[in-house]
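In what follows, a structure is listed as structure tokens, so that the remarks can point back to it.
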Amino acid sequence: MTVADANLDEHTDRGPLGRDELAGVVARDIRPGWYVNLGIGQPTLVANHLAPDSGVTLHTENGMLGMGPLASGDAVDLDLLNAGKEPVTELPGAAYFHHADSFAMMRGGHLDLCVLGAFQVSATGDLANWHTGDPDAVPAVGGAMDLAVGARQVFVMMSLFTKAGTAKLVPSCSYPLTALRCVDRVYTDVATFEITARAVVVRETWGLSYDELCTRVEVPLVRGYP
Amino acid sequence: MSVVCDSADEAVAGVADGSTVLVGGFGMAGMPVHLIDALIRQGATDLTVVSNNAGNADTGLAALLAAGRVRKILCSFPRQADSWVFDGLYRSGRIELEVVPQGNLAERMRAAGAGIGAFYCPTGVGTMLAEGKETREIGGRTYVLEYPIAGDVALIGAHVADRRGNLVYRKTGRNFGPVMATAATTTIAEVRHVVEVGDLDPEAVVTPGIYVDRVVRVPA
Amino acid sequence: MSVVCDSADEAVAGVADGSTVLVGGFGMAGMPVHLIDALIRQGATDLTVVSNNAGNADTGLAALLAAGRVRKILCSFPRQADSWVFDGLYRSGRIELEVVPQGNLAERMRAAGAGIGAFYCPTGVGTMLAEGKETREIGGRTYVLEYPIAGDVALIGAHVADRRGNLVYRKTGRNFGPVMATAATTTIAEVRHVVEVGDLDPEAVVTPGIYVDRVVRVPA
Amino acid sequence: MTVADANLDEHTDRGPLGRDELAGVVARDIRPGWYVNLGIGQPTLVANHLAPDSGVTLHTENGMLGMGPLASGDAVDLDLLNAGKEPVTELPGAAYFHHADSFAMMRGGHLDLCVLGAFQVSATGDLANWHTGDPDAVPAVGGAMDLAVGARQVFVMMSLFTKAGTAKLVPSCSYPLTALRCVDRVYTDVATFEITARAVVVRETWGLSYDELCTRVEVPLVRGYP
């Protein structure tokens, strides 16, 4: 059963979104003409849901606008990699630039959107996605801090709950931060959230109702747009 | 005034112990593998290396690390599926690590090359990577003060060079090369093709020869 | 998603009174003369203009000044043999002038485009152009703290654009164009040729289309 | 008569250098392989004395390395100008770049040399070359401050005396400064000077002797290299 009030869609007649379905939900919110960086891992799946005529241009921080799909077979060119170091392709209208120019583009607020994975997102949009806080872990940040700070909008994609069942949308991050107050929206397998200056707004749920969601998340939520 | 050397060994001659070496490449794209191998043979030690990663598998930068030549590394992403050489050195306390956000790594080298004394950067504010660093509010936003990273030597990979050292890169092989070339006292490039002066389109030269001290052609 | 406009008038539509307008060009090379003429017709006033010079003879930027539209100008070299329009306004106190060393002009716009909050620059230390500015010793050298210059609008000239706004320049016509394109909220380019998406070499694109909002073809 | 001691050439058997001769003297000290910026005005004459095979590459701050001689006739291209906005030519091996990159090149200490004109140079190498201090003058600095601060070596070319006969090599500049302690050598019509950390050394004179020179300059001088 899908209950849609003015501003909230509750899809309780089905289970949580699969990873690919979630990528499709994110893609639905990317507008024609946007310049977008898709982070390593789950966010790269979003590209599969952007139509060739979507007018969306993909940025990869290692120096390219106009990145195409992953390369295979004869199309593999080891001079043409994405940020995850996988061989990719080049679309018409592409441009190459060096690392300082690429990060100037990000830091300067020219990308309309970046989509990132996360360990935790706080109620005020703080992001933790680079370090588990494990003192034995080798720290490695890559371009995560630059992307989170620089893009005009930051969308996070993640499963809402850890394997232990704890929500990753938290009052305050316990993991080391990537950036403060940077996340605009959180797309998860069971709900999407908009983080505004005043509240965390639930836009859509899958596999559970808004009321169930509220019981499982410690962050105060708002039902649809106020 | 040709900058072309006959071999990678000739190209890296004279790198001093204790040098800071900027090493280009992102993945294998733009990675100066022949120059790194030559540097291992050359023998310089007690090096500080600046590179995006900390080596993969057992070749290239990882081999330099394994040979015990690197005292400290500055990079954005040391941990990779095949970074076992670095991981082992790090966990046993035999290498010093400074993790730098990737854009700060690039911008700090750019500052060194551009004669900028320091700059206020929004990246990393409020994170453990900015702990102990000076911050400042500018126009209602908080910035961290970041200092230049200069190299004694840069080892970079490019696609084509002319004999004066003008460089053209290929696709995402460009990455850190142009920035590192500006930030080092001595810039050494390995390239797949060497052409005569005048054969490169002056509009398409990415690294002007003023930044390049030595060039060596390596197998494509 | 074409950014190509049908006319210069369409391209400059909506420039608001009080805007900061970055105007490219060094000499006539890269000078967006058609866009400036259109801006005069468009009528925006109380402008702050950022450009290397302050107009020559009675056309282009000088005509904009003569029309009384410019409240303040930031430039490196206002005084030229034929800068009588500016000279007259300046001597009669009808225009405000901030003289900025040419490299600081470029670097301050670059900072705006690159999200840098401020930077320490060695240029101008100990001179009247650094009076009242904060200074700092770094590594035994003195630097002046310089802040970004951002534009609401940039008017630039380039050689070729594709329909997505990727730009290629020609020779020293490049000058301030690529930097200004990054530093303005809305970047408008006049070009001599418009080509289809895919017709430009991705290695040779100087200003990626992400920085370009509107393009208009003008007579070569 | 030319009197040459160990380190000082006194050419008293001739008059002062003409402008073109002076340019030749400067050119003689520019080494093969150097990257050089020649300032607007008198310094541009130096280019005429650099042989095509000199290996010297000229920089123009409006975004080019490999600048050739002034253009004339059909070679005039209004997209190809020098810093003085005169049409010039392009030599093989040239490269174009934008203004921020061009001044980064200067400020970052990559040019081996710039040659500038001057109103005054102080005994410690302070340079005044952009403003007469006249309160009615429209101030205009161009790239002078950037060049003076950025080049590895700064050579100044000027006549040693004003029309009123006052030396422009002064204990301390009275005109507004361009940069502090930046000048390495001063080439004038009657003498060349090396400004070292400890002294102003006279290297060569034309049309007057070292002793005469000392009487006409307020700065303490040293005879040849100590």
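For this structure, a couple of remarks:
Think of it as A, B, C and D in the order they're written, each chain with its own count starting at 1.
Simple rule for what comes next: contacts are C-beta pairs under 8 Å (C-beta built on N, C-alpha and C of every residue); 3 or more make two chains touch, one makes a residue touch a chain.
Every value quoted in this text rests on a predicted model; they were computed, and no experiment measured them.
Looking at chain C and chain D, the chains in contact with each of them are B. If you average the Cα atoms of chain B and of chain D, the two centres end up 35 Å apart.
Measuring from the averaged C-alpha position of chain B to that of chain C gives a distance of 33 Å.
Chain A and chain D have Cα centroids lying 56 Å from one another. Shared interface positions of chain A, defined as residues touching 2 or more other chains, are 64, 90, 96-97, 103-104, 106-107, 149-150.
Touching two or more other chains at once are residues 107, 110, 114-116, 121-122, 169-171, 202-203 of chain C. Pairwise, the chains that make contact are A-B, A-C, B-C, B-D, C-D. Considering their complex, residues 26-30, 76-80, 83, 86-87, 90-91, 97, 99-107, 109-110, 121-129, 159, 169-179, 206 of chain B touch chain A. Against chain B, the residues of chain D that register as touching in their complex are 32-33, 35, 55, 57, 59, 64-66, 90, 92-97, 104-111, 149-150. Against chain C, in their complex, chain D makes its touches with residues 60-64, 77-81, 85, 90, 96-100, 102-104, 106-107, 126, 131, 136-146, 149-150, 176-180. On the chain C side of its complex with chain B, the touching residues are 107, 111, 114-122, 136, 138-139, 141, 143, 147, 168-171, 201-204. Residues of chain B touching chain D in their complex: 1, 110, 112-116, 162, 164, 166, 182, 197-198, 200, 202-203, 205, 208-211.
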